[in-house]
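Before I ask anything, let me first share the structure, which is written out below as structure tokens.
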Amino acid sequence: MRTSRLEAFSDGVLAIIITIMVLELKVPHGHTLSDLVHTTGVGLLTYALSFIYVGIYWNNHHHMFQLVDRVSGGVLWANLGLLFCLSLLPFTTGWMDESRFEHTPVIIYGVNLLAAAIAYYVLQTTIIRQQGPESLLRHAIGRDLKGKLSPIFYIVGILSAALIPGYAGVAIAVGVFVAAAIMWIVPDRRIEGEVRQADQP
Amino acid sequence: MRTSRLEAFSDGVLAIIITIMVLELKVPHGHTLSDLVHTTGVGLLTYALSFIYVGIYWNNHHHMFQLVDRVSGGVLWANLGLLFCLSLLPFTTGWMDESRFEHTPVIIYGVNLLAAAIAYYVLQTTIIRQQGPESLLRHAIGRDLKGKLSPIFYIVGILSAALIPGYAGVAIAVGVFVAAAIMWIVPDRRIEGEVRQADQP
Amino acid sequence: MRTSRLEAFSDGVLAIIITIMVLELKVPHGHTLSDLVHTTGVGLLTYALSFIYVGIYWNNHHHMFQLVDRVSGGVLWANLGLLFCLSLLPFTTGWMDESRFEHTPVIIYGVNLLAAAIAYYVLQTTIIRQQGPESLLRHAIGRDLKGKLSPIFYIVGILSAALIPGYAGVAIAVGVFVAAAIMWIVPDRRIEGEVRQADQP
Amino acid sequence: MRTSRLEAFSDGVLAIIITIMVLELKVPHGHTLSDLVHTTGVGLLTYALSFIYVGIYWNNHHHMFQLVDRVSGGVLWANLGLLFCLSLLPFTTGWMDESRFEHTPVIIYGVNLLAAAIAYYVLQTTIIRQQGPESLLRHAIGRDLKGKLSPIFYIVGILSAALIPGYAGVAIAVGVFVAAAIMWIVPDRRIEGEVRQADQP
């Protein structure tokens, strides 16, 4: 089975997730700058963070499937698992924002990020297993440092929101989620290099 | 007429249906785990079930159109009929969830699943008739055991929600809908095999 | 400029329009069949009508662009004009349904259908002008009977809702809109024939 | 990395943005023409303006990527930056409309347009830098008069809404935003010419 339609469907779902989140932004009732800041200010930053996360997954997905020619039924379902986790982001983002960063919603947001990371790892492993010992993808990701680091980031964030009371725990958690996003924005040069090599005769 | 644009349009509609359902998930007003469980807990499972059903249809649709080269006007409309039935899933899912699994909404959800199964069967039959006696698709689906079993599942679910009073009838119905989904998640190896054969010289 | 990206963008917009309308369907507050019929019954039929109309436009758009190789800036904007008219359908459908088929909303729905028909005609004319005297599309549409008849249908519907008081005027209007849709569902065999010819050497 | 998937993803996001805005249009509670004009009249014009702006960006994006073969990670993120700015348009459009063109919401709408223009400029510059001294795109855009003029338009609009009190300031601002849109609707003949040349041997 070719990957083109799987990519097209995933692009569609990711495009909708990334855009639908803006519907969660409440339009202020008043019409001054202060109304905007109070009603939407925090929401805008939360939206930006989740937008960046979906963008990261799209980028990584895009890179990964450049090294995949054919997909099996298992890959289709692993991919749907990843899309399911990401499709919950508008909901967890909305709750975190609406609660004004209360502890539980921040924890749940972290759990959502962690679930997406695990689903991505499962998808990657399913593809590598399907490609066999000569797997281009396994070669490309190498030690997969970022893939292994980011769940640790999310767990640290979840634990600090769960265990450290008051504003500090939540602030550390959100800071860690932002840091993990920044780590990912640096493009995945290893796979890019591999693609360049694969293109060469 | 080539199938590429029909596939792209169907992918778009299915991607939107699968993602739009998350908008039905109500963000809890409180901010504790118990608020989340009470407000969204059931909804999340319902959402997961409908997500899996749309995923199943996308997978089967994907497999089916691998064996189709050209489509007639009849196939276009049969395909739109299937998309129409599936586009009602966010609505019937929302009602079933909001009513907390009352009898009628569960019946209507089952009717929606049954209608989608019939629409899929009509689409399949239209394609086979168009392909003529040498139809690759007819050859691939063989006895089409799963396609014939699933309407029976849905009817059993509908009848148990309609006839068995109290919680039991509804529980059996939902259990049957879950079972039908699990049956489908097992990939359609017959068509995969056929595609592999068709690829070989 | 190639048509592929214009087709992909139009497919995306039409897929969203056709799916977003279901969000207008109000989930009943009660949980009996009678609640469903009272709250959603009419809405479901209205949704089905608009779904069919968007499906018709998608089919015709699909057929038309099979005969187009390259598009100019004028065609891009004529196409956006058509998408704009169709993007208003969820709104006019919602108002017609919510008002329970009051005269003005039915008139506005008819005006929306008329505007879309005019925008389609403008798009068709722009393409024919660009293709020049040897235009494949002009040859294919021939006398374009359905394209010329449907605005008359919409005008008759608008006038009967505007001029005939009481339920009768509205009923005639909706009947005429349904009749125009049925006329279009019959596939456009002329263009299909032309495509088949163009494919042959 | 090929541009096809970046184009497909951007098309998806732009298609959703352009269509989601119609959800901001409030369906009138009454059912007379005067209800429609009072509830939706202004909103419809605002929607049309933002629809045209998204259409302009889609057209320009389409033209630009005709001259791009391969994209780097930097281009992916510059593109996501542009999509982020445009994804806020439904929100700023909604606020401007709901406030009935109060000063601050009009300013924020202008800031949104300005941010999108800057993001587009950044994307264009990133591509040109990647393409190197032989950049087809740099050659095509030439002096890029419209690209340089439109931020000035937006700044004039923002300033007049900010500094001129009463209805006049807002009216000038909106007039300037409309004028900038009209300037862009004239198709970008320079790039079209370049594409035609690039197609020739």
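Every chain is named by a letter (A, B, C and D) in the order it is written, and numbering of its residues begins at 1.
One rule holds in what follows: a residue touches a chain if its C-beta (ideal position, glycine included) is under 8 Å from a C-beta of that chain, and two chains touch if they have at least 3 such contacts.
Remember, predicted model here, so these are calculated numbers, not experimental data.
Relative orientation of chain B with respect to chain C corresponds to a rotation of 90°, obtained by superposing CA atoms and rounded to a multiple of 5.
Taking each chain's centre as the mean of its CA atoms, B is the chain most distant from chain D. Annotation: the chain A:chain D pair of sequence copies touches via predominantly different residues, less than half of the used numbers being shared. The distance from the centre of chain A to the centre of chain B, each centre being the mean of the chain's C-alpha atoms, comes to 27 Å.
Note: centroid distance chain A to chain C, computed from Cα atoms, is 38 Å.
Looking at chain C, residues 8, 12, 15-16, 20, 23 sit in touch with two or more other chains. Residues of chain C that touch chain D in their complex: 1, 5-6, 8-9, 12-13, 15-17, 20, 23, 72-74, 76-77, 80, 83-84, 87-88, 90-91, 94-95, 98-99, 102-105, 108. Against chain D, the residues of chain A that register as touching in their complex are 7-8, 11-12, 14-16, 18-20, 22-23, 25, 27-28, 31-33, 36, 40, 48, 51-52, 55, 58-59, 62-63, 66, 185, 187-189, 192, 195.
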